[in-house]
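Dumping the structure here so I can ask a few things about it.
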Amino acid sequence: MFELLGISPQVLLGQLLLGLINGAFYAILSLGLAVIFGLLNIINFAHGALYMAGAFVAWILLHYLGIGYWPALILAPLIVGAFGIVLERTMMSRLYKLDHLYGLLLTFGLALIIQGLFRNYYGISGLPYQIPSQLSGGQNLGFMFLPNYRAWVVVASIVVCFGTWFMIEKTRLGAYLRAATENPALVSAFGINVPLLITLTYGFGVALAGFAGVLAAPIYSVNPNMGADLIIVVFAVVVIGGMGSILGAIITGYMLGIVEGLTRVFYPEGSAVVIFVIMAIVLLIKPEGLFGKEAR
Amino acid sequence: MSIQQTDTPASSPIANDAGMSPLHKAIFLGLLAFLVVLPFMVYPVFAMKIMCFALFAAAFNLLLGFGGLLSFGHAAYFGGASYVAAHAAKVWGLTPELAVLSGAAAAAFLGLIIGSLSIRRQGIYFAMVTLAFAQMVYFVALQAEFTGGEDGIQSVPRGKLFGLISLEDNISLYFFVLALTFGGILFLYRVVHSPFGQVLKAIRENEPRAISLGYDVNRYKLIVFVLSATFAGLAGATKSQVFQLASLTDVHWAMSGEVVLMTLLGGMGTVFGPILGAAMIVTMQNYLATFGAWVTVIQGVIFVIGVLLFREGIIGVISRWLKRPL
Amino acid sequence: MMKKLSLATALCALSTGAAFAQEIDVKLGVLNDRSGVYADLSGEGSVVAARMAVEDFKAADKGLNVEIISADHQNKPDIGSNIARQWYEVDGVNAILDVPTSSVALAVADITAEKNGVLIDSGAGSTQLTREQCRPTTVHWTYDTAALATGTGAAMTNAGGKKWFFLTADYAFGHSLEENTARVVEDNGGEVVGQVNVPFPAQDFSSFLLQAQGSGADVIGLANAGGDTVNAIKQASEFGITQAGQKLAALLFFVTDVHALGAQTAQGLSLTEAFYWDQNDNTRAWSKRFMDIQDAQPTMVQAGVYSGTMAYLAAVEALGSAEDGKAIVAKMKEMEFNDPLFGKVTVRGDGRALHDMYLFEVKSPDESTGEWDLYNQISSITGEEAFLPMLPECDFTKQ
């Protein structure tokens, strides 16, 4: 067997798989961000904070109400989504006519508030959340030990991402959504309630963030800062994929997870910055992003 | 993302091309008089911090409010210059004025490289490219030997101005900082109200028309980018002399966000808005430090209220009341 | 109990009546992280501890008029140094307490020396405070990275963990922790088989843990702190690394972190601390008072703020003034302290406080009887053994 820079193929295969798992989180998060940007033209800076909120809601459900992981996987995204709908109705809906900048700034402010509040109530150390008993343990794949839970994360992410893609690209509801993005006036002339569509889309995008939060709760520590730095990375993923491109966000999410994983083997110090290097290169060569339709 | 201003008086052509309008002159003089007595009323280091950030916000505003370009990576120039100035003063033993100048020069150089690559992009893409480059600068600051990692460059000597006047004393340092920052802000004012500034305005309002009039739009954009980076760097370099410290805080993306907040709160595209915005944010951070995590919450609330209710910023609102550009 | 109390009050009354006609004003500033990663292990809890010290010292009865203020340095050296400067120049603060985060502590130590104040550091771990950047006004009270390395590193190497692999947070603090521990490991006959620099902060450690697993090391040394360590331990258990026989050494870990992980995941982990709430009757009694106010058990950092404040006040009382920081620290180096939490403490010429350190092991969930019942004490290490020897040029008692 060949060796690449002293790394055995077994190790490399393991790292690729781990990269894919991280990519699974990037994909769900960037998908939500892309859906929101596509329809609302808002760059949802609060996405990381809502991801964190999803993890916390799962913890709160367990700790105060005794509701376990599986129900939380449905309930927490619903709660986060409902919260998102309130935000959209009360605040964001006032900004659609304005420049993107204002949506970015508003959600940046919201992110500060949400993170600050959780920090005040739950401290910073983080809270424990166990892996559900059905998924504890793991499989020995020969080249690495794969925890069952991580395998589940990849499966759940693929199902959710491609389900969403299918819904938007292939169903009637999706067609309305896409049409409303292009020409809201015309779509409402057909008797479709566009503001409602927009509100629900935001709720859905945010619920995806909450879903990713619940998925993350058992493997990362549930703490108020868990989404703070992630948002910038996910943001970069969306830009690389092409703003507003659903498929682009999904594929780029997985791809960058893998690239990051490989960087961790060959140049671990650089793994935090590699995504930005790629982003700069992509934007300079193909500003609309890898999967974007047109440059604006 | 071209920041189109709604048709407030603030964006109407400046009446007086040659000199300064009497109102602006009066405000600048009043401000100067206030700043001269300020260090005897409040803690001088606190006042110096406000002035550094005021210059930073004013430099940022040149790009956003007058150039119509939203950079999300201005921390790179602010922080990069503060590292260079701190290193120059501590390791090379330069006098404070030379240290500050070398910091600003480094920022100009950085701005030239990053600017020439990013001005080819527009809107949200411009913002993201600048952010990406700023993250790389942050990475260098974290990894490079001379920056001292997360400890930063500490115990930077305050030194002697021109090799003669000791700046150990807070009051003498204060007047050095006052001269630099006030001078910087006046210079930026001149730029905005020069023929060059008028062309910038034309590009911001209608880029295709400016091109058809024969202006080399990219050259103008690059110049304004480099100017903005240079003065952001001047502010960062000055800050490193005041605090005797250059640290990762100054290059972190949160700093880029903070300067947007300052500019937005005060009123972008106004002359005095960024100054007021910087003063308010710094004061708030200073006096709310004891509230711990609530500071973030309060800052977030200000962001939200500002965006929802006062998009023109405080000075923008006042300017509309007075029907005069401020 | 009643009898003891009345005796104490009588003594106090006597001493106040005799010696102290005038009041000594003392202003203490607790400067720490109140919103970031160290907020739980220092934060408001350290302020509470300082207040308890003033109360237990019976400062008012002894003619000391003590005021405590606090602020958040957000783990940023520029904010920390700004507050410290302002405290000394404007607010008339005499001593600064706690200051976690080494970069901030080093900046504050410099300003303290310049302004002739006193820094009693409890929260920071950098050995530089009493070595490369030693100052005559610095006292480093609770722990440092060398002591943690000695405690955990030596114990684990001697217990058979000869081959070490380090996951190092890629910043100066992480590197110094790794360096300190590697030295101890090698001194005890172990070897370092590899290391990887992990960007800081990180969420996902699986990739690095896999590299550690492949190295065939007996022990994986976690040269990081806070949330990073929590995540690394959590994921090591998830990937079956601990179950497969490799041991984890958390080189900087606090009781609040163990609490956050839960005994299920953290069981069997070895760590070194200067204090644990459940050590003896004194620590239990004090911690109960603390718990009533803070709703959490105290960390060693918070206990260290208490212990350090008591010692500082004793020195101020002995000198009769809080003005000259250098003189107070010099006085502290002459005295010997004994408090309910840290026991016997002396301060060395370089400002390093010497006291016992303890090696703990985290209990299994079966052994643990409550949310905070987390440690078994394995052994204790004397201050002379735990801390690095003094550098001659830092011995300020000889200058």
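Order of writing sets the chain letters: A, B and C. Residues in each chain are counted from 1.
By definition in this document, a residue touches a chain if its C-beta (ideal position, glycine included) is under 8 Å from a C-beta of that chain, and two chains touch if they have at least 3 such contacts.
Keep in mind the model is a prediction, meaning the values are calculated, not measured.
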Legend entry - Pair sharing more residue contacts (C-beta pairs) when B-C is set against A-B: A-B
Inset, instruction - Give the label of the chain whose average Cα location is farthest from that of chain B. - result: C
Inset, instruction - Would you mind pulling out the distance in Å between where the CA atoms of chain B average out and where those of chain C do? - result: 39
Legend entry - Centre-to-centre distance between chain B and chain A (centres being mean Cα positions), rounded to whole Å: 33
Inset, instruction - Specify, in ascending order, the residues of chain C that touch 2 or more different other chains. - result: 35, 39, 170
Inset, instruction - List, in ascending order, every residue of chain A touching at least 2 other chains. - result: 116, 119, 269, 272
Legend entry - Residues of chain B touching at least two other chains: 143, 292-293, 295-296
Inset, instruction - Can you check the complex and tell me which residues of chain B touch chain C? - result: 43, 45-46, 49, 142-143, 148-152, 154-155, 170, 239, 243-245, 247, 249-250, 285, 289-293, 295-296
Legend entry - Of chain A, residues touching chain B in the complex: 43, 91, 94-95, 98-102, 105-106, 108-117, 119-120, 232, 235-236, 239, 243, 269-270, 272-273, 276-277, 279-280, 283-284, 287, 296
Legend entry - chain B partner contacts - residues on chain C that touch it in the complex: 34-35, 39, 43-44, 69-72, 76-79, 81-83, 85-86, 89-90, 102-103, 106-107, 110, 170-173, 200
Inset, instruction - Note which residues of chain A are touching chain C in the complex, please. - result: 11, 14-15, 18-19, 21-22, 116, 119, 123-128, 130-131, 138, 144-145, 147, 149-150, 219-221, 223, 225-226, 229-230, 261, 264-265, 268-269, 271-272
Legend entry - In the complex, chain B residues that touch chain A: 1, 3-4, 70, 117, 120-125, 128-129, 131-133, 135-136, 139, 143, 253, 257, 260-261, 264, 292-297, 299-304, 306-308, 311
